[in-house]
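Everything on this sheet refers to the single structure shown next.
Per-chain numbering from 1; labels A, B, C and D assigned in written order.
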Amino acid sequence: MIIILKPEATDEQIQHVVDRVESLGLSPHLSRGTYRTIIGVIGDEARIQVAPLRAIPGVADVVPVQPPYKLTSREAHPEASIIDVGGVKIGGGYLGMIAGPCAIESEERLDAIARSVKASGANLLRGGAFKPRTSPYAYQGMGEEGLKILRRVGDRYGLPVVTEVMDAAKVGLVEEYADMFQIGARNMQNFVLLSAVGRSSKPVLLKRGMSATVVDLLMSAEYILSEGNSQVVLCERGIKGFDSITRNLFDVAAVPAVKGLSHLPIIVDPSHATGRPDLIPPCALAGVAAGADGVHIEVHNKPEEALSDGAQALLPEQYAEIAGQIARLAELMGRRISPLAETTA
Amino acid sequence: MIIILKPEATDEQIQHVVDRVESLGLSPHLSRGTYRTIIGVIGDEARIQVAPLRAIPGVADVVPVQPPYKLTSREAHPEASIIDVGGVKIGGGYLGMIAGPCAIESEERLDAIARSVKASGANLLRGGAFKPRTSPYAYQGMGEEGLKILRRVGDRYGLPVVTEVMDAAKVGLVEEYADMFQIGARNMQNFVLLSAVGRSSKPVLLKRGMSATVVDLLMSAEYILSEGNSQVVLCERGIKGFDSITRNLFDVAAVPAVKGLSHLPIIVDPSHATGRPDLIPPCALAGVAAGADGVHIEVHNKPEEALSDGAQALLPEQYAEIAGQIARLAELMGRRISPLAETTA
Amino acid sequence: MIIILKPEATDEQIQHVVDRVESLGLSPHLSRGTYRTIIGVIGDEARIQVAPLRAIPGVADVVPVQPPYKLTSREAHPEASIIDVGGVKIGGGYLGMIAGPCAIESEERLDAIARSVKASGANLLRGGAFKPRTSPYAYQGMGEEGLKILRRVGDRYGLPVVTEVMDAAKVGLVEEYADMFQIGARNMQNFVLLSAVGRSSKPVLLKRGMSATVVDLLMSAEYILSEGNSQVVLCERGIKGFDSITRNLFDVAAVPAVKGLSHLPIIVDPSHATGRPDLIPPCALAGVAAGADGVHIEVHNKPEEALSDGAQALLPEQYAEIAGQIARLAELMGRRISPLAETTA
Amino acid sequence: MIIILKPEATDEQIQHVVDRVESLGLSPHLSRGTYRTIIGVIGDEARIQVAPLRAIPGVADVVPVQPPYKLTSREAHPEASIIDVGGVKIGGGYLGMIAGPCAIESEERLDAIARSVKASGANLLRGGAFKPRTSPYAYQGMGEEGLKILRRVGDRYGLPVVTEVMDAAKVGLVEEYADMFQIGARNMQNFVLLSAVGRSSKPVLLKRGMSATVVDLLMSAEYILSEGNSQVVLCERGIKGFDSITRNLFDVAAVPAVKGLSHLPIIVDPSHATGRPDLIPPCALAGVAAGADGVHIEVHNKPEEALSDGAQALLPEQYAEIAGQIARLAELMGRRISPLAETTA
C-alpha cells in the first residue's frame, strides 16, 4: 500500500501517519520528494484495509498494491479452475452452453425447448422459476412448481439445470432442484444471498452487476469462496451504457481482463448484454473469440407468447445455427464444448 | 402505446399485430405512412405491458405512453406526500436532516455523535447495524446489538432512527427497533426485500441504485407501494460515472425530475454521492436548492478510527456549519427543517 | 414521426400542433386515446426535423421513425460498400489490417516497423504526424516532415498509408502525402473538419467519439458523404466507461449494430479501446468474430522509447502472432485479409 | 511519481527501471515489500510524463502525484482569478449571467431577447453564428452576418457578447466582433482550436466535453493558458449519462471539484445539461449553491420557431423569474451578479 501525503502536510501529520501504520504492525517506508512525501507500507495489506487512512489529516490518497480479493485471484490458484456442473465442465478449455427460456412457463413448452437446444449442442438447461422483474405488475415466475418442471425436463434430456435464486431464504429450496444456482445481475451485491450460496455445495453462476467493475465482480465472488464454495462461474452480461441502441453494453474485454486476474471461468450472456436477437450471434462469437468459457443464450419457441423477455430470445433454429458456429470457432481455438456426463444405465 | 412497424413489414405481419392487440381487448389505430406504418393502441396499457409485442415479426419498436408506475406517479396523487417518521416530517416543505455515523460502533461513540448533530439541527439519527460491504473481509456491523444501541440513543435524544435492512428475513427484527428502514443502493432492485418492507407499517428510505434510471427508482418504489406501504422517501446518492474524481456521480437533476413524475419526497445524500468531505457541503446546498426534501450526511467524531467509510464523514463541527447553511437556504426558498415531535412529558 | 401529447393537452393546443404540421406540408393523423392523444405524421420527415415541435405547449414527446442519416443508411445502399485505399479493399468480405506506431518518430524506426508488420500480414501502414495530445506539454508530432517519412516508407514497402488530420486547414497538406485520412475520436464532431475531408477525394477513417452513440457516428459520416465523399470507413475504438481496468470500453456490439444500419465498413481498434497490450489480441479476435472489416493495431519495436502511447503498443512479434490468428479466424468466417494492389513493374 | 512493479518483476527488470529513471535526471527511491516493490520518483515529474514507463517489462502501474496541469492549477495561483469580459466580472464573488438564443436568427428577434434578458439581470449576451449541429441537414448558423447582428445588439444594450468559434481559421474573424469566445463541448479537445484562441487576447468560455473528466477539462484549459491567454472561464454543461430522462447529466459536483484544483472561474449551463425547460431553474440554483461563478441559460421569445434547440429554451418571463432567484441566492451566499461596465457618456 502506498500513502500519498498532501503537498501541505505538516511533519506532525506525517509522523501521525507513520505511527498509525506501525500501530497496525506494518512497516512504513518514507520518501520525501520535492513535491510530495509518500509512504510505502510493507506487510500484509489486508490488516490495513479496514483502517480509514484517507481520513487522517494530511493524507491525499491511498493506493493499494495487493488485490483485495484473495481466494479468487489468479495468484492464489495459478491454474484455471474447471467447474463441474452435473458432469458438464466449464473452464480449462471446456465450454458450457447454457440455453433455455427466460422463464419456465409450462412443462410442455420447456420440454420442446430443451429437446431442440440439446440437439443443437447445448449442455446446460436454464429457466427461471423466480423472476426479478422491474415492475411489480410483471410476471414473477412459477415458483416451486417451476423448479419441479425444470428438474423433470432436465432429467428427461440428461441436461444439468441452472436457475436463479433471489433470496437467501430460498437457497435451500432451489438447491433441492437445481444443479447450479444463478445469481442475477441485480443481486450481485446482495451480500446476504452471496454468503448463503457460499455455504451451499452446488456451483454458482454469478452475473456481473450493471454498474459493477471487474474488481467488484471478483469481490462478490470472493464472498462465495470465503464461505467455502469455490465452484463459481462468472458471467459478463452487459453493463450500463449511454447508447440505447443496445439494452446493455457488452463489455467483451472483461473476459480476458478477468482471466488475467482470476482462475475462475467466465462465460458471456449476449441475450441480456444486447437485448436484440440480431446482435446475439455476433456477440456470442465475439465472447468466445475473446476467451469466454461458455455462452448463455435465451431460447424460446414462441417469443411473442413469452411471459418474460420474449423480444430478446432466439428461436430454436437460430440457436442451432449459432451453436454450430460456436463449436467451429472453439475448435479453431483449441477448445471444445463440454460433453454431457456419461450416464451409466 | 405506439407500435412502429419495420419499413419492410408485410400486410400479413401488420394484420397479425392488429389481431394480437385486439385479442388483448384494446383498440389499434392504424396510420400508414409513406415510410412506415404505425399503430396507436388505445386502452389500458397495463394489460399490454406483459405482452412481448417487440417479438412479433415486422415490429420495429414499441413506445409506451403511460408511465409503468401508477401508485408512485404524480398523476395518481397530485399533492406532494409528506412522510412522517416518528413525528418528523419529510416532504411538502419540510426537510428531513438525517445524520449519524456510517456504522454503529459503540454506545458511547453514537451518543456523542447524536448529541452533537441534534444540537446542530439534525432531526433523524442514522447508523448501520448491518453493513453491505464490497469485501467479505471488511467490518460487517454489530447486528442486533447495534440496533439496540441505536434505539436507546435515539430515545435519549428524542431523535427517530433510521437503519439499513439488507435481507427480507431481517425486516421483522429491524422493525422492532427502527423508525424507518433504509434500503441501500445495492438492494434497490432486491425485489424480495422491497416487497417485505412494503408489507411493513414503517416508512422506508429507498436509495437509488448506481445504475438505476429515475424510472427504475420509481418502479422500485412501486413495489413497496403496491404491497400497501406508501410511506416511501426516495434518495439520490450518486450514480456510476466515468470520472474517478468523485466516488459516484451526484445527479442533482434527478431531484426535480422525480418531483415532476411522483408525489414522493426525495432527499439527497452527498456523503455517498461524492465520497469527499470537501464536496459534501456544496453538494448538500445544491441538492436543497434543486428542491430536495432533506439531506443525509454521515458524521463521525473520529473519522480515522471509523470502522466503515470514515474518509467520507464530516466532523461534528463541519456538520454544524453546513446544517446552519441548509437552514438559511431552506428559509430563503420558503421551506424549513422539520421540528421534532413534541414530547408530552 | 410521432408526436405524443401531454395528458393535460387542451383541444386548442392539439389543434395548434395539427396546424403546424400541415403548415410544413405534412399530413397529421390524430389518434385520441383514453390516456393520451398521439399524432402520426406522414410525409418526408426531413422537412420536420428542423422544426422544434417539442417546444410547442402540450407536446410531451416527438419520436422520429426515419433515420436522420440518409446517404449512410443501409436503406440507401443495401449492398455493403467496399472502400479502396490505394488498392487495398476494406469491406464486403475484405479485411483491412492497419498497423504502425502511434507517432512517426524517425524514418529508421518507421522503416523497421513497416517491414515487420508487412511480413506479418498488415496491408496498411499508419503513423501520426500531427498528434492530438491531452497535454500541451506532450509530444505533438513531426508535422510535414513526418508525412514525408510516412510516404517514403509506405512506398518502399508497397503499403498505402493512413494518418490523422486534426484541422481543416491541413486537409490539403495531408492529402498530398496520405492515401487515407484519419479523423480521431476527439474530432468526430469537428464538423468543419468533417466537411473539409468530405470535399476531398481520399478515403476517410472515421473514429467513433468517446461519448458518441452509434447514430452520432453515422451522423458524422453523413457530414462527409453529404459533401460528396462516400469513401468512409468507420472505426470502433472504445467509448467512455466507468471501469478503469481498461482505458476505454470496447463496444464490440457496435460492429454488428452499424452493419445493420449502414452500408459502410467498420473496423476495430483494440489498441485504444483497451490500452493494454495483453487485452489487444483477444479484443482484436472478438472484433473480427463480431464481423469487423478490419483491425487497427499500434505496433512499436521499442515501446519504452515511444514518444506517444508506447504502453499500449504491441511488439512486432506479438503483432505477427495475432495477425496470423486473425487470418485464420477470417478464413473460418468466409472472409480474407485484403491483398495489396498488384504492382505492375 | 510512484512506479509499482509487478509481483513477478525480476531484479534485472527493477534495475532497468531504476536506470531509466536516473537517466531522466530523477532520483528513484526503492521500497521492497513482501508483496511488491515500489519506486518513488523524486524530482520534476513533468520530465518523466513523456516517458512511457508503463511499457517497461515488469512495471505494473505508474501513479503520478503532481497534477499534469500547471498554469491552471490552484497551486500555481492560490487566489481565485477574476475574468473581465468587457467590464463584466466572472469569478471572485462576481457572477456572470450569460443569456440569449441558441442561434442568432435575425436582428429583430435578438434585439427583443436582449432587451428582456438585460431587464431581468443578464450581464452578457450570447448567440450562435456558427452552429455545431449533429446533422449536416440542420441549420448551421448565419455566419459573419450573425456576428454583425450580435455586435450591434450587444452595443445597443451595453451587453458584452459571447459567441462560439468552431474552427481555428475563424478565430480572427470572431475576435473582431465578440468580447468572449465560446469553445463548445464537442471541440473541448480540438487542440488546434484551443491553441488558436490561446494566442488571442480575448477571454474564452471553455465548455466541458461530454466524456471529459475534470482533469481533462483542466488540461484543455492548460492548452489555452500555455499559449499566453489566461482569461479562461470553464463551464459545466452536462456529461454523457445512461438515463435519457435528461439530455445530459449535470455534474454539479464538478463545480467545487474544479474550485479545489484550479483558480479559474467555473459557470454552469443548465440548458444543455438538462435539455428540459422545467429542470433549468432548479439546476441553475443548484449550480450557484454549489459555488458556480455564473449561469448560462438559453432564452428565446418564440421557442417553437427557433432554428436550433428551441425545445430547451426558457421564455423571457421564465428567465426573469429564475434570474431573480439566482440574485437572492447569490446574496445569501455573499456573492453578487456582476454589474455592467460603467459607460462614460
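By our rule, contacts are C-beta pairs under 8 Å (C-beta built on N, C-alpha and C of every residue); 3 or more make two chains touch, one makes a residue touch a chain.
These numbers were taken from a predicted model, which means no experiment stands behind them.
Engineer: Could you give the fewest steps needed to travel from chain A to chain C through chains in contact?
Structural biologist: Graph distance in the chain contact network comes out at 1.
Engineer: Averaging each chain's C-alpha atoms to get its centre, pick out the one most distant from chain B.
Structural biologist: Between chain B and every other chain, the largest centroid distance is to C.
Engineer: Suppose each chain is reduced to the average of its Cα coordinates; what separation in Å results between chain A and chain B?
Structural biologist: Roughly 27 Å, centre to centre.
Engineer: Let me have the rounded angstrom distance from the C-alpha centre of chain A over to the C-alpha centre of chain D, please.
Structural biologist: Here chain A and chain D have centroids separated by 40 Å.
Engineer: Note the residues in chain A that touch 2 or more other chains, in rising order.
Structural biologist: 211, 239-242, 244
Engineer: Residue numbers of chain D touching chain B in their complex, please.
Structural biologist: Going through chain D, the ones touching chain B are 211, 213-215, 239-246, 249-257, 260, 273-274, 278-279, 282-283, 285-291, 328-329, 332.
Engineer: So in the complex, the part of chain C that touches chain B is made up of which residues?
Structural biologist: So the residues of chain C touching chain B come out as 2, 4, 7, 29, 31-36, 38, 40-45, 60, 63, 65-66, 75, 240-242, 244.
Engineer: Which of the residues in chain D come into contact with chain C in the complex?
Structural biologist: 20, 46, 49-56, 68-69, 132-139, 166-169, 186-187, 189-193, 195, 209-211, 216, 219, 222-223, 226-227, 239-240, 303-307, 309-311, 313
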